[in-house]
Structure formats: structure tokens, C-alpha cells
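Comments concern the structure below.
Chain IDs A, B, C and D follow the sequence of writing; residue 1 opens each chain.
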Amino acid sequence: MLEFKSVGKSFGGINIFENLNFQLKKGEWVGLTGGNGTGKSTLINIATGFQLPDEGKVNLGNVSLLGLKPWQIARLGVKRNFQSVRLSESLILRDQFFVPDKKIFDNLEMIQASGIKGFLNRFPSECPLPILRKMEVLRALLHSPSILFLDEPSAGFSQEELHEFSQFLITYVPSSISLVIVEHRTELMQLVCTKSWGLFLNEPLRIM
Amino acid sequence: MLKIENLYVKYGFIQALSNVSILLNKGEIVLLDGHHGAGKSSLLNAIVGLVASRGQVIIGKNIIKNRSPNKTLKLGVSFLPEGNCIFSNLTVKENIELGSVLASIKHSENALDVFPEISHLMNKKAFFLSGGQSRMVAFARSMASNPTYLLLDEPLSGLSKGPQEIIWKKLVELKNNGIGVLITGQHNVQENSEIDHKYIIENGQIDKVF
Amino acid sequence: MSLYLITVLTNICLFSFIALSAYLILIVGEVSFGQQAFFGIGAYSLAIFFVYFDFSIISSIFFGMLICFCLALFLSLLTIKLSGLYFAMATLAFAEVFRLSMNLVRFPIEKEGRATGLNGPEGFENIRWIFENNIDPLGFFYITLITLTILVISLFILERSFIMKNARIVGKDIILAQSLGIRPRPYRVFFIGTAGAISGLGGALFALANTYIEPAMFGMMLGVHSLAYTIIGGLGLPIGPLLGVFIDIGLLESIRFLSEYRMIIFGGLVAIILIFYPEGIISPRIASRIKRLFFNKGL
Amino acid sequence: MEFLQTCIDGLLFGSAYSLLALSFSLLFGVMKRINLAFGSTLLLSAVFSLWIDSLFSIGIFGIFFLMIASSALINIYVEKLCFYPHSGKYGATVSMISSFAIWMQLDEMSSFLLPDRTASFPSFLPDSFFLKDLFIRIDQLFLFLIAVFMTSIFFYVLYKTNYGLLLRGVSFDGELAKKLGVNSGKISSFAFAFSGIFGAIAAFLILSTESQVTPFFGFWCTLKGLVAMMLGGIGSLPGAIIGGLFLGLVESNVINYLGAEYRDICTYLILLFILVVKPGGIMGSALLRDERAASERI
């Protein structure tokens, strides 16, 4: 479904990766690990159109994603969350799904299960970090993605929260969605993902 | 020694810390462990005076009143907040030199060589650094202010194995040079034999001491 | 009501238009120093259509707004890559080019024995619609008030729609907006265009009320004042800018007994208000709280 | 010959713009803030100094030093009221509007001290000389040299001193700097005072070449400084100098060939054109590049 073909990217003269190849199939749940500066976030940025690769091809099905703007890619169903939580300080959580109300009501069960229901009428500054992270994941899910990139979704979670969260993902993320979880900690991906990839400096993508 | 006695911190109605006492001697590594939101960061922030607190902080024999990061730094307590705390608009070298400027001491060449891993990047803008590299730069900057005590908030979190080991090795080296190091929770260093004491914070209170 | 009070209230209404136009632009995350230009273009277009071409008053206003809308669209497309101070300076440059060129255009005519028409810095005199139709100040106040009310109500309706919600995300966090599949540019272009039209509407009414306009009325001071109104009033709800205008003009008038020290006090007061309400008095956060009170959807 | 004379006039007068642009660049390049009250600060300090002079006749040097001192103080007042309370991402707009309010306030104070609307300002240099057929005003030449000299001082402070290092650190992330032990308040007051001193020297020189001060001087300073800074490229020190000289050059040529009433129109048209075609200004602003790069990283 999503395919990277010999993609290369460098930043200010520092090579982040070169000749990166992989294929993400429909419904595949992949955990992506790797050291710092190996370009995990850059990979997401390229796949979602926020950055342009220096070389190579990025295809979604038959469509080339190169040259498409981030919003066009998002409309094609490639969604993401952000490592630094991006929520508006001036809106209560309920107003931050940015979907019609009907959709919120349809998915009420999911919202309830995520444990953020009690916080829906609060501002982000009144909620603990794990809630905000869940909120971001929920927001992405409500936008019915076909591919979902989660950048460090469990950062700041305690062990119990992590288990709960993995259970939540397994129950509520439709199996037709391809999921890519980028993390330093491997616990979440071990619980959730069927496949895991490793990204290391100056090496091709390692499938583990 | 750096001694914290009966520290209380309150945010609005929430009691973030109550009656916390901690002792950090020179040449020790002390670990503060606890869940997210248990009050680890609040404790470090309170020590350097970033949040208002009740209680005493004693450096050597002096009780420090009206603490501020500036004041504690000049008394030899260097604090490094969570995350990649670097100035992306400055070069790596300038970032590190900032440490000595902050403490109002002379630049020392040693500080630039704390991590040989980043020595080739000295004249690059810090903007281009990866997470691990920027953590090393921030660490080297803390060292440049020539501290007696180091307070590091989550120094190893978000790092991959390589940089983690490099920084941990440096911490042990500092310990052996007689510097007191206080770091906050990191599950993968818990069992490390180099840690002299471990405090577990739960709901703003010291739960256990090892 | 005394004539004095009516004049003050009419002024509050008239300047609310330009404040609302600054509000719309601030919502999509930009700062414009040039809304006074559209205020001026609206005023001048109305005068030209009405005096030279004898258009009816409604169509004069309409064409004035249309010209403002088109010029604002043009300006926003021209500056599509600019943001922040760059955009602000570009709009200022545009506004000053307009104002200064109005100083150079002279095309005086005589109508019913009275001198009128474009006349450089001496201005455009005798736009006599209110006299021809025997509209007294109170009547004109009602006209502006009704127009303003319709505008504010439509903005409130817009506020509840996805357009405004999306525009607010685009203004606050353009990266998030894109990742949600929102295309930022149309919002920006459309809002800047609409802001131009609203400002033009205000300008047209202003020309009618004053019966006389001159380029110096549309200087940078007016534009920055309109920004100040919106920032003080807040970006949360469309009545924010109105509150800002009211505080400025209303307060200015109410402390007139201190007239000599008026600006000294007022300038300091604004700075102090901004310290305590940096997001304005009706900030988005407060607007959110209000909505939470009134529209709790049972979640 | 006429063209050459016009250009020389323009360049010499442009050096005044350069000085103003430098003061703006200092604040914008370093603190990322626009101080709209800047011109009125200079006006008030000049008018205040003249007022003191009329009371105690402190002489031209007295006026000079009093202007520097009062301008630094008023700048600190502006900083404490308009800029210090507004940190963070959205602080830029708010502090700009706040400084606009203070602009009104300072202008009003000046008009109290300047009831006659205009006052003469002492000049201190011999007027002019002829170089072959070219007429050159010494005081303006002096202004030009000062502009170059002050840029070097500015550059030195920012890039070679510890204070400059702290200043650049605070400009990037004031919160972080505070956590690490920088006294951010002190640093930013310093920056404002510095730009005030800088501006006061510029204003003194400009006023003494003009040999009078009017209430429009403040507005004029703010606008010309901003325009020259944008023309040259924000945050670039050579850009500020070149932007000022370019502005002077354009204005004198337009006045000479088209007439005085076209002066400002042409200036703004050129500004609009440069912003649309090359937003970084003539010199290509490093700041713009940095901003773009930073926004690319998520």
C-alpha cells in the first residue's frame, strides 16, 4: 500500500538516511524503533508530506505522494499524530476532534473506553499528559485513516496505562488500518504490533 | 552536601509535594524514581526555585533562601530540565560556552571535549543535531558551568542505547570525580550498581528509600 | 438622546466594521496594518459611484464592497507566501500607496451648484445622501446599527460552522490543520477578502455619515487602532472587537473631562489591560467556557 | 552631474535611515519583537532634553547625554510595560499592540513639552564643502561614518561578547534560558536600553542635521526605520545599513525627477515589490531562512 523506494534525506549536510526501502501492506501493524537521529520522525514527515525527500519515490497504491501537499495526503487517508502534543490551549477537548458531532456520538463507546470521557469538558492545560496523548490518537482515529502513524504515543505513560492503551488499540483500531508505531520503548509494540522494523544509522531498514 | 528538608509544593489546590527530604552527597549518584506526575520534576524545579515551595534547601552549610536558577547555579548546582534543552540558533560551541557564561566563570577548553562524539560538530548550528547529540551538548553545557552538584531531569529518556550508554558512562566518571549527581526516574538504570541511593516518589511523597 | 451621544454611538458602530475586519484576519493568524486602505477604498468608491455616476445608494455600497473584496483577494494572493511582520508590512505598504495616490488624484466637478468630486488632499466634499433623503443623525445611527447587527449575527452563525472552526485551526496551528486534511490557503484568501469587504462597507457608511472624506483620514493610525480594538476585545467571539471599540471610543469620551491627559491615560490603560488579558477580554478560552456553559451536549 | 549629486545627497541622508533601521534590527533580530513606540521614545527624549536645556541651559553635550539617558530609561519603561509581560508564541502581536498604545502616550507627553509644535535643535558641525562641483554636507557625511562605526560596535557586542551570547540565547528561548539560570528580565532590559542608546545617538545626529524637531519626528522615525529594515532584510546588520542607504537613494532621486509628492508612494511601491518578490530583503535575511527551516522541523 505505502511504498518507499530508495528514499534519501539529509539535513544541513548530515545524512539522515539513504536508500531507504520498505513496503507497508494493508492492515499491517508495524513497530518502528531505532536510535536518535536515525530519521524515524523524518520518515513520518516524508510519508505525510511535511518534508520532501532529496531522492527516491514514495507511493501510496498507484499514487505518487511526492509533490503532494500535507493536506492532500491527509485526505488520501494517511494520518499522523505529533511527538509534541498539538492541541489548542483555548479549546476544551470535546471541541478538538474536528469532526461533526454525529461522528463523536457514533464513537462514544470508543471515547469512553479510552478513559478520556471525564476530561472532555476540560482545557488541555487541565489534563495530564497521557490523556492528551490518547486524545491525539482518538482524533486521528475519528478522521477514519487508512494508514496511521503514531509518533511516540506512549511517552509519559506508566506501565498500567501502557497496557490499558495497548488493549484500547487492539479493540478499537479496525484491522483494515495500517498502523505504524514509532517508539523508543519497545513495550507497546511488543503488545500490539505484528512486525517490527529497526532504523539504524547508515544501514538499510532492518526487519526484525 | 546538598540537603533538601521538608519540602512542600502546591499548585493551586493540588499538593504536588509534601514533606520531601533528600540528601545528596558529593561523589554520589542518587536516583529519583516514580510514575509520571508523581512529583519528580516538581522536586527538581522546587530545588532551583522555578516553582514556589516551602521547606529548606541546604548547600554545604548555607540555607538558601529565595532560590532562583541563577542563584543556585552560582552556588554550584547545575540544573538541566527535561527534553532537548539546547539553543538551536547558536552553534554547538556557543551552546557549551553559554554554560560558563551563565555561571560567570571563564571559558574552559575542557568543557568542549566532554564528549569526543560531538567534537566534530563544534561549528555547526545546534539546529541540525539529533536528539542524542543535543542531549550531549546540553550535558556538556551543564559541565561548563563547573558545578559541584548536577540535577538532571530525565537525562536518559527518549534516547537510544548508544547515547544512553555514553551519557551514563560520563555520569559515573563525574561521580568518581566527586560530583554529586541527582537524576530522575529511568527504569533501565534502576539495577545499576553505580547508583548509591534511590528514592521512590509516589503522589508527592517519598515512598521508599534504598 | 443628545446629538453628542448619537455621534459617539454612530462612531462606535462605524469603527466596529474595521475592527471586525481586523478580527477576521487575526483569526487566520495574520496581522494586517492595512485595513484602513479598504475602509478608505470603500468610502471613495461609494463617493465616486454615487456622485459621478449617480448610482443608487445600495448599488454604490455594493460595488464599493465588491471592489474592496477583489482588491483584498488580489492583495492576499500577492502576499500568499508572506506571514507575520512581512505580511503586516506588505499590507501597510499597500495602504500607504492607496492613501498617497488619493492625494494626487484631482477630478473636481460641480453638482447642483456645489463643489464636489476627487480633489487630492482637500478631499471629497458634499456626499449629500443623508441631506437629500432627510435622514437625521438618529436615523443614520439606526441604519449603521442595523447593518452592524446583521453583520455580527452572520458572523455568529459562521462561528458555529465548520468554516470558522477550520479557519481558527489554520490560524493557530497550520501544521495540525494540514495533518487533519484542511487546505489552509483558501481560508486565508477568503478571510482576507471578506475582511476587505467588511472594512469597505464600514468605509462606505463612514463616507455617508461624514459627507466629506480626505486621504488623511485613512492613515496608518486608523489601521493600528482597529488592530488594537480587536486585541483588547479578544478573538473569542465577534463581539470582542465591538467591546474594544467601545472601550476606546467610549472611554475616551467618558474621561473627556481629563481631555488634556486623555491619550496619556488611555495609552497606559490599554497596555495594562493587555498585561492582565493578553488574549483580549473575550479570549478564545473564555468563549470556550461560555460555550461550555450554554451548549453542553451531554458528553 | 546632477544625477551624481542626487545620489550623494541620497546616500548621505540614507545613513540616517540606516541608523534607525539598525536600532529596529537590534530588537527584531534579537528579541523578535517590534517596538512601535520606538520613534516616540526618541521624540520624547529629544523634546525632554530640549525642555531641560531651556530651563538650565545644559549645552549641546548636555542635550546629547541627557537624550541617551532618557531614551534608555523610556525604553526600559516600554519594555517593562509592553514586552516583559508578553512572552511566548502569541506575545509578539500583543506586545506590538501594547507598544502602539504607549506610542500614543509618549507622543502626547511630547506635545506637552512642545507647545509650539516645533523647536530648534542645536547643530554642531560646519555645514558643507564642495568637492569639485559636488556639494557635500559634512554633518551628513559624519552621520554616515557614525552609522558604519555603530554597526561594528553592534556586531561586536552581539557576536563577540558574553552578553551578546546570552542575548542570542534568550532570543531563541526565553523560558529555557530562565530555567538554566539566565536572568531573562535583565537581559531583555539590557537589549532595550541598548537599542534606546543606539537610537538616541541616531536621533541626535539626525535632528542636528535637520536643526529642528517637530511632533512628526517620532512617527517618521518608526516608519522609516521599519521600512529601511524590511528593505535591507530583517535581522541582517549589513542589510539594515544597505536598506537605509537604498531608501535614501530612492527618495532623493524620486524627489529630483518626479517631484516630492511621489516620494513616499515610490518608497512603498518598492517595499511592496521587494516583499512580494524577495521577502528576505535586498540582503536576503538569514532570519527568514532560519524561520522557514524551523517551521520545516515538526
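The working rule: contacts are C-beta pairs under 8 Å (C-beta built on N, C-alpha and C of every residue); 3 or more make two chains touch, one makes a residue touch a chain.
None of these values were measured; they are calculated from a predicted model.
Here the chain-to-chain distance from chain B to chain D, counted in touching steps, is 1. Two chain pairs are in question, A-B and C-D; the one with more C-beta pairs in contact is C-D. The chain with its Cα centre farthest from the Cα centre of chain A is D. With each centre defined as the average position of its C-alpha atoms, the distance from chain A to chain B rounds to 31 Å. Centre-to-centre separation between chain A and chain D, using Cα means, comes to 47 Å.
In this assembly, the C-alpha centroid of chain C lies 30 Å from the C-alpha centroid of chain D.
Averaging Cα coordinates per chain places chain B and chain C 52 Å apart. Multi-chain contact residues, meaning those touching two or more other chains, occur in chain A at positions 50, 82. Counting partners per residue, chain C has 175, 279 as the residues that reach two or more other chains. Shared interface positions of chain B, defined as residues touching 2 or more other chains, are 127. If you check the complex, the residues on chain A that touch chain B are 11-14, 34-38, 128-130, 152, 155-158, 184.
On the side of chain C, the complex with chain D involves touching residues 26, 31, 78-79, 81-82, 84-86, 89-90, 92-94, 96-97, 100-101, 103-104, 175, 220, 224, 227-228, 231-232, 261-264, 266-272, 274-275, 278-279.
Within the complex formed with chain A, the residues of chain C that make contact are 162, 165-166, 168-169, 172-173, 175-184, 236, 279, 283-285, 287-288, 291-292, 296-297, 299. The residues of chain B lying in touch with chain A in their complex are 35-37, 124-125, 127-133, 135, 157-163.
Within the complex formed with chain B, the residues of chain D that make contact are 162, 165-166, 168-169, 171-173, 176-183, 290, 293-294, 297.
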